[in-house]
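Below you will find the structure I want to go over with you.
Letters A, B, C and D mark the chains in the order given here, with residues in each chain numbered from 1 onward.
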Amino acid sequence: MTRDEVRAVVLRALGEIAPEADLSAIKPDVGFRDQLDLDSMDVLNFIVAVHAALGIEVPESDYPKLATLESAVEYLMARGGG
Amino acid sequence: MTAERAVPGLDRDHALALLRQMILIRRFEEKAAELYTVGKIRGFLHLYIGEEAVAVGAMQALTSDDSIVATYREHGQALARGLPAGSLMAEMYGKANGCSRGRGGSMHFFDVSRRFYGGHAIVGGGLPIAVGLALADKLQARAGVTACFFGDGAVDEGEFHESLNLAALWKLPVLFLCENNLYAMGTALTRHQSQIDIRRKAEAYDLPADAVDGMDVLAVEASAQAAADAVRRGGGPFLLELRTYRFRAHSMADPELYREKREVEEWKACDPIAAFVAKLGERGLLGAPDVVAIETSVAAEVEDAVRFAEAGPWEPVEDLTKDVYTPAEP
Amino acid sequence: MTKMTYRDALRSALRQALRSDPRVFVMGEDVGRYGGSFKVTYGLLEEFGPERVRDTPLSESTFLGAGIGAAIGGMRPIVEIMTVNFSLLALDQIVNNAATLRHMSGGQLSVPLVVRMATGGGRQLAAQHSHSLEGWFAHIPGIKIVTPAVPADARGLLLAALGDPDPVFVFEHATLYPMEGEVDEEAGPARIGEALVRRSGDAVTLITYGGSLGKTLQAADQLAVDGIEAEVIDLRSLRPLDIATVLASVAKTHRAVIVDEGWRMVSLAAEVSAQIMEGGFYSLDAPVARVCSTEVPMPYAKHMEDAALPQAATIRETVTEMLRAHG
Amino acid sequence: MPILTADMSAGTIVEWRKKPGDAVKRGEIVALVETDKGLIDVEIFASGVIETILVEPGATVPTGTVLAVIREEPGAAPTPAAPAAIPVPVAPPVVLAPPSEAKAAPGRLKISPLARKLAAELGIDPATVRGTGPGGAIRREDIEQAAAGAAAAAPAAPRTALDRQARLRQTIGAAMARSKREIPHYYLATTIDLHPAMTWLTGENLERPVGDRLLYGVLLIKAVALALREVPELNAVWRGGEVVPGQAIHVGVAVSLRSGGLVAPALHDADRQGLGDLMRSFRDLVRRARAGGLRSSELSDPTITVTSLGEQGVETVFPIIYPPQVAIVGFGKVVERPWSVGGQIVSRPVITATLAADHRVSDGHRGGRFLAAVDRLLQEPGRL
């Protein structure tokens, strides 16, 4: 998949968790939890959605590596998303 | 039974009138049976075929001032009393132009203008009403006899004994007319009464009584006249037992398991209409053309009654509760 | 206004009717020579004669049926059935004739009949002489039911019954005959179908009729001591039932208790409760309560009969429990 | 086939008394029929000659069926044809005039008893709720809508979202005010070492597929649920002036709604569910709470509530009890703290657990035992 396709998957996952959020306004390098006021339940649902879409199992220890839009795309591309 | 009554010079017109009334009842009932089989008449239907002489004969003894209380087998009494065949047929259709506005049906004909105070469907339920009507006449010093028709079944009810006692005790002008047709629905008289000579029941209340062959219209007329005269003399009530037989089932739903076809045929041999036609023929009071003329005019009258019923309106449902109570004066 | 007993008030109405209308006559067991089993018709035979004050044989079905026939025949009969317990013998005439003939005849027949009966228990007469069956009669369309609880109504409602073109049944609780009260002998007939507030209050509405009014007022007075002001409504007639007056009161108090000497199940109280629920649902702060007779053939022994019948104490406890649970 | 009895709808031909070619006269018996009332003769009302017999003996046919064809004599009166259906007028429903509802006393709220009871239980002031019942009467659904607040509503036009949010704010406000006014709260707090729980959890999640991973919140809920078995008086509601013990342990879980506001629907029988099931129920409850799909029982059933504000960076929570419950447990955030283990100072993840309870129902002694039980249970996460 291309970077843009992976990026679209991440944004769609975020959209399911925060339906009212304006996805286009998400800053790529600021943590999702702060921008979208996500709690641990939201993060778990985000990880599950990414796994469902890309088949990538993100271990708990790697959660911090998906804290921002950029780092998430980077992480997922590196693990065969690309 | 009392000795054969001598019939004073029988007047031809009167005889033909009696015959026409009996034939009208017969044809009316046959038409009712027919209309029942095609669903025009519903519910219960109790036919009077075979007992015509009782209603026609007894009615001759009553004036327009007299009152009548009858039972659910009252088509014959109603027709003999002069209620128009159309209003009776319409009532059985359930139409608003019926004599009870479609509210009563076959078992509950009413016509207060002719002092016909109803068909009553509770066996024995009409007797106290008749006693009360007679009490009202007596208290208002009004001339008048209340004729109360009931069957042999009613003789079993407490109200029969209470009514005869009260009427005798207070010397009320009630003519108790017991149409003994030998069956209370499916129970023969011998199986529902210990004393089957019903006329003798009156002795217990010190009340005059008589019995007569209910298949002979002239005998019935004479006995009823004598009984009514006795009552009019203010001597109190009279019990007249009219021994008759119904040729049809108790009602439309009766397979007649309780009596033999043979017995019915034997009684049919004494058909009140055929017997009367024969008697009048012997006396040269009537010829075949008279019978044809009566049959033709009766047939027309019955057809008119059916048309009247067919054309009748249904009572509007909005009137459902009308007459439960008397409307308050405005 | 004069002070007279309930029975005297009834007699005053009977006498007034017999004097003013030749069509009126009285019929019943021992109403004449014996002077009436409850002494209501005492003296009428001597004043109006045996034609108009008629002792009857013990044939309730037939002399009530005869009353219906006489009414159809133009008279204004007053039939006395000694007590409601014996009226069961005449139920066929009442239901199938009195209540039915006008409608079934298409409006041709009118039955201007008055039937008076004593009713109720509390006099240790045991099961067969203590019934309170007004609720049964109130079930039947075509007749009217009145239950005078005080002498003034005994006179007023009886006069109203006599003036009514349809059958009216007057139920006189047997304990009320000796009760004294103010009666205006010039007053005209009362109005059938109109309930009265006998005591006003705001905490709860007590609805009753006939023989239970006294106990209900007693209970209300006892509740007042505890600061609970109960409104007491005397229905005065069971059919037609004046539910409007009841609902107006419940809209104010939001609580209702019905006191009815009939047996609880399928009682008159059940019907009033249903109509309150239907018409006053949003006024209710508590389920409607009923104080009725225990469902038992009335026992002879006094302490047992008292336990079976509604009492002022039971009414009071029912109200206090209702306020506690749904305060 | 003639109608021969009052409720006859069909009949069986038993035998014919006539055959084709026979003459028949009005009134004659032409056949015998078996009806519901027994064998009855069939009378003919027309005169003429039988042409054909259409229904043979043994056949059962509905009333009105033509049984035989007769060539009628001229002049016989025709029977009015049997009506296909008897034209009985269709009775319009007789609408009894509804009993006139006595005017509700002015200022009197039109509310159903059930709705009034539910409002009291959810701490909702009915006056703030708009009724959708007859004449504006407030019904159960109206209270539930108010209780579920904004979440319950489908995404609607912003204006109504604001209304709903305002109304939810009012509803929560009313409940909290009433709780403060009526419930004598006492507060206890304790700090719990979560090291055993967190290490167990990390190992557990490694073996679980992504969709079945557990959050530490589930461990806290299960510990609270099991601890309530040891101190049951905290698992109850206050109703009609007296404590009503909970028939089961339904833990209300405070769920923040994305558009603001909070609801605390119940996790039913939290003490009896395994951690996996409890996690699934917990995820489903949060999803439905936020999508507005809560069931009314989930709103009215909690026997205690757990609120966790750790993720908002709060260390210690001093919660207010949700009426009609009699206790509430609060958890702060998990922080690394110096911790003495066998005299040695080590770094340990700890969490502050607080209990607010109704002093009418329990006292500090019992509350303390409860928090101690929660702490003890969390030291053996494998047995939760």
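As a convention for this text, contacts are C-beta pairs under 8 Å (C-beta built on N, C-alpha and C of every residue); 3 or more make two chains touch, one makes a residue touch a chain.
Source: prediction; values computed, not measured.
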Minimum number of chain-to-chain contact steps, subunit A to subunit D: 1
C-D or B-D - the one linked by more C-beta pairs in contact: B-D
From subunit D, the most remote chain by mean C-alpha position: B
Subunit A and subunit C, separation of their C-alpha mean positions in angstrom: 82
Subunit A-subunit B separation of Cα centroids, rounded to whole Å: 100
Chain centre separation (subunit B, subunit D; CA means) in Å: 66
Distance between chain centroids, defined by C-alpha means - subunit C, subunit D (Å): 47
Arrangement of touching chains [line / ring / star / complete / other]: other
Which pairs of chains touch, using the document's own definition: A-D, B-C, B-D, C-D
Complex contact set, residues of subunit D against subunit B: 2-6, 8, 26-27, 35, 37-40, 43, 45, 63-64, 77, 79-83, 86, 88-89, 91-92, 94
Touching residues on subunit A, where the partner in the complex is subunit D: 18-20, 37, 39-41, 44-45, 47-48, 51, 57-60
Complex contacts: residues of subunit B adjacent to subunit C: 67, 69, 98-104, 108, 110-112, 117-118, 120-122, 125, 127-137, 139-140, 158-159, 162-163, 165-166, 169-170, 321-326
Touching residues (chain side subunit C, partner subunit D) in the complex: 243-244, 247-248, 250-252, 275, 278-285, 325
Residues of subunit D that touch subunit C when the two form their complex: 98-105, 108, 110-113, 135, 137, 240
